[in-house]
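Input: structures, listed below.
In the two complexes that follow, chain A is the common piece, with chain B as its partner first and chain C second.
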Partner chain A sequence: MRAATVKALNLAVEGEGNEMFEVIRKIWKTGVVTHKLPLREASQRYRGKLDIQPHKCKNCGACVAACPAGAINVAQKGQGQELSIAYTKCIFCGLCASVCKVQAVQMTNDYHLATKNKNDLIQVVRMPQ
Partner chain B sequence: MSEQKDSDLEIKLQQRIKEVLGKSLHIRHVDSGSCNACDFEMNALSNPIYDIQRFGVDFVPSPRHADMLLVTGGVTRHLEEAVRKTYNAAANPKIVLAVGTCACGGGMAGQTYAGNGGVDKILPVAVYIPGCPPRPQALLEGILRALDQYEDRGESNES
Partner chain C sequence: MLKNKKLFLTRIKQQLGEKILSFTIRQPNETEIVVKKDQLAEVCRFLCQEKEGRLFTMVGSDEREFAGSFVLYYVFSFDETQQFITVKTMTPEEDSTFPSLAAEFPALNWYEREVKDLLGLRPQGHPDLRPLILHGDWPEEIHPLRKEFDVSQNAPRVKSRESFMQYEGDEVTEIPVGPIHAGIIEPGHFRFGAVGDTVLYLDARLFFTHRGLEKASEGMPLSKALFLAERICGVCALSHAVSFAQAVEAAAAVEIPLRAKYLRTLFLELERLYNHIGDVGNICAGFGFAVGVSQGTILREELLMLNERIAGHRYLRGIVDLGGVRFDIAHPDYADILSTLNKIEIGFTELVDILLSHDIAVDRMSKTGILTLKQANDLEVVGVAARASGRNIDIRRDQPYAAYDKVSFTVPVYTEGDVLARIRVRIDEVFQSISIIRQIFIQMPTGDVSVGLPPISPYARGMGWVESSKGETVHWLMTGPNETVERYRVRSATYSNWPAVALAVPGNIVPDFPLINKSFELCYACCDR
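Right, the complex of A and B next:
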């Protein structure tokens, strides 16, 4: 904005009035850029919290193998299996979602992950059977 | 999230800062071996788009002026001492936020011979903000959550 103002002043000195008004109009058109509501929803393409649908999962283990940070783990719990995602390790790269053939793992645009309790950062999903 | 709820949060943040701290919240950013992605997002908070200063939140150049420490990175062996000294230099009541996945629990690097794997191994952490890097909005939400417990922590620190 400052550079544009300097340009406008230079043009005014040189006597090119029309161009000066062009530049000033550009400054006015930019207006206020501040977000009035900063906590609004992220864009749809934003990679945030994982959404896992256990009924779709085929237990192929592709997401566990693809995770570069080792954030996804599968553990045997009683009869069924438990899939746990550690947000203390997840780098939100989206590789697990891209390798999943049945779209059981998907990225959502939810970024509200800040928490006081560290245990909240581990998301556990129970698999059927 | 609805627009009404959003504006409520914003007003709440401003009110909490006034209630708890009197005037404004001063933040010191501590880099404990991060890749600078979190630091850039933190810088973005003070740009014209997010404009965190309208809520009365400011970044200060010394821990002695600060009420809150935002720690990024997984606390490497070389910076462990610096992080401890910064925490001791901050005036009570102080509060620590772990910003980013590395600060929350090691992240990609994890716990190795050269890294501690998380700020909570060294300092008492109030709020964890995961994300690689977290959005500026997520940081704002984390600061709001931390302020909810500011009073309790202040009392416990003084005793």
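Right, the complex of A and C next:
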């Protein structure tokens, strides 16, 4: 180990060890690659928050049954019904969107989930009667 | 080949003669041999030593409800004839013991201790019966994989039975490390016995992230258990998902469309690429070579962003479906993948040139953490670590799945068994993966990407395997009524390789441990489940 270090240093001093120059050249060539905030939009295929269009919904319950994490719930609220999605549980697999025959549930590429209040992560949609 | 297989099986049947109770060909590539407990050792010895089979996985299962006893399955792989032989033996509840083979086959050490912890079957004659999966403070008489154990049950904690190697004399210093480490890594407790700077012995305590996933999956519909499988580990997410899907497809006896096979191969190689390139960069952190770390990270990030563009998920989750894949890709994606790979290839070649021509880096890596071929064979080590020690196995070539039988690639094998050899295997495999992906785009057939599964009968069995970036991952599945999971056993590459780390470290200096550990690059979550 020590022998190799001495050898490398010697070579660098004598100008024969171009390995250090290679490293410096690589750093120079790379430059800064970090992206600055705000980040760009996520890719189109990214599975983020759900977009629910209540007027299309036929209340078949397919999405509730398909959800592997039990994140989607339907509750009776007064005369109508409320569909709630808990992003605290959602695994963003996209099964709900793929089983919905009328495309009332669709995935969007919105990935902004950071919040200081957990309740912000429960999306409630009121269904028309 | 077909004739060879037949001959191979007939010979085994004849040679075992009356030692076995039954001999059934269950699937074209799987044969089941039922033996009595007292013949187990002899049959396993015959298969391993005379027929050169290697232990693939071992499963203990509580089948008292429908078969009247506990059942143990020992699966051996015969790579030359591409066959699996399952040795099955029953053990009734009244006599809940089985003969231990760990002294003869060290690879069985962990499997037998796991069966003891989780099912309460006692391996008779096992040299080391310390608790493995359940840490010492778990009550000895509660066994989570027995059917009467309720998942919602809270086990009381008892006084810990944990014990570590005891040293005599003043020369040995004990250095405990973890389970909480500096930096973002998973939990594991390592206890070195060191003489001066040199490690004498390493005690590794794992299974801090045991989440009981196998128990949690019991009774779960197969379609939902797929998502559980996908979440066993972060960086092998796709390997686990494909293994599980293959196990279900084997149980359903269904062939997936050719295009789906190619797509799975493509994504599996993308997973290998980002892991291997990240690992080559990360290894530089083991000797403080910051340029290597950042260059590796830059390339890995490029690949993760590619994954997100193509599949919608950086770690390739949500792609696999039971019976195929969930979405198709089109020509703009082909171009995106190929152009990104061209960039990666150039960048990675530069990184490798810098790393391997750096005297100090090479000096730190060579002859460090040597795992001998004998050790690798005895412990049935798999993956990169096996190939770096001269153990020539790669399940992609030996028991092809997905479209690996249609693409050509070479399997790099080195014999030194040190950190440098493990890095070299990864480097070679990166170029092989890029070549495989290019071949996939030349050959890509058209057609459907998934097929519906027929109803699966209860108590059907299936096995799925994938060569993940760490090594072969095996999922063993038995279905229950109404297409649910009855018993699910995950044997990841890390489960096979962790015991080898404890053998590779002694004799090295303490500061080389992180380097050796990184060169194996084992995940804890995969192993602990």
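As a convention for this text, the second predicted complex is superposed on the first by the 92 of 129 C-alpha atoms of A that agree within 3 Å, B and C clash if a C-alpha of one lies under 4 Å from a C-alpha of the other, contacts with A are read in each partner's own complex, and residues count from 1 in each chain.
Following the convention adopted for this analysis, contacts are C-beta pairs under 8 Å (C-beta built on N, C-alpha and C of every residue); 3 or more make two chains touch, one makes a residue touch a chain.
Just so we're clear, the structure is a prediction, and the values are computed from it rather than from any experiment.
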(request) With the two complexes superposed on chain A, say which partner A:Glu22 touches: chain B (first), chain C (second), both, or neither. (result) second
(request) Tell me which partner A:Gly94 touches in the superposition: chain B (first), chain C (second), both or neither. (result) second
(request) Considering only the touch criterion stated at the top, classify A:Ala42 as touching first (chain B), second (chain C), both, or neither. (result) both
(request) Classify the contacts of A:Val105 with the two partner chains as first (chain B alone), second (chain C alone), both, or neither. (result) neither
(request) Figure out whether A:Cys57 sits in contact with chain B (first) or chain C (second), or with both, or with neither. (result) neither
(request) Considering only touches as defined above, state whether A:Val33 meets chain B (first), chain C (second), both or neither. (result) both
(message) Looking at A:Pro68, would you say it contacts chain B, chain C, both, or neither? Reply first, second, both or neither.
(response) both
(message) One more residue to check, A:Ile85. First (chain B), second (chain C), both or neither?
(response) neither
(request) Mind sorting out which residues of chain A both chain B and chain C touch, each in its own complex? (result) 33, 42, 46, 68-69, 91-93
(request) Provide the residue numbers of chain C that touch chain A in the complex, in ascending order. (result) 223-224, 227-228, 231, 291, 294-295, 298, 308-313, 317-318, 326, 350, 353-354, 357-360, 362-364
(request) Sort out for me which residues of chain A touch chain B in the complex. (result) 33-42, 46, 68-70, 86-93, 111-116, 118, 121
(message) Under the stated contact criterion, what part of chain A meets chain C in this complex?
(response) 1, 4-5, 7-8, 19, 22-23, 26-27, 30, 33, 42-43, 45-47, 68-69, 91-94, 98
(message) Which residues of chain B touch chain A once you look at their complex with the stated criterion?
(response) 1, 3, 6-7, 9-10, 48-51, 54, 101, 104-108, 110, 118, 120, 126-132, 134-138, 140-142, 145, 149
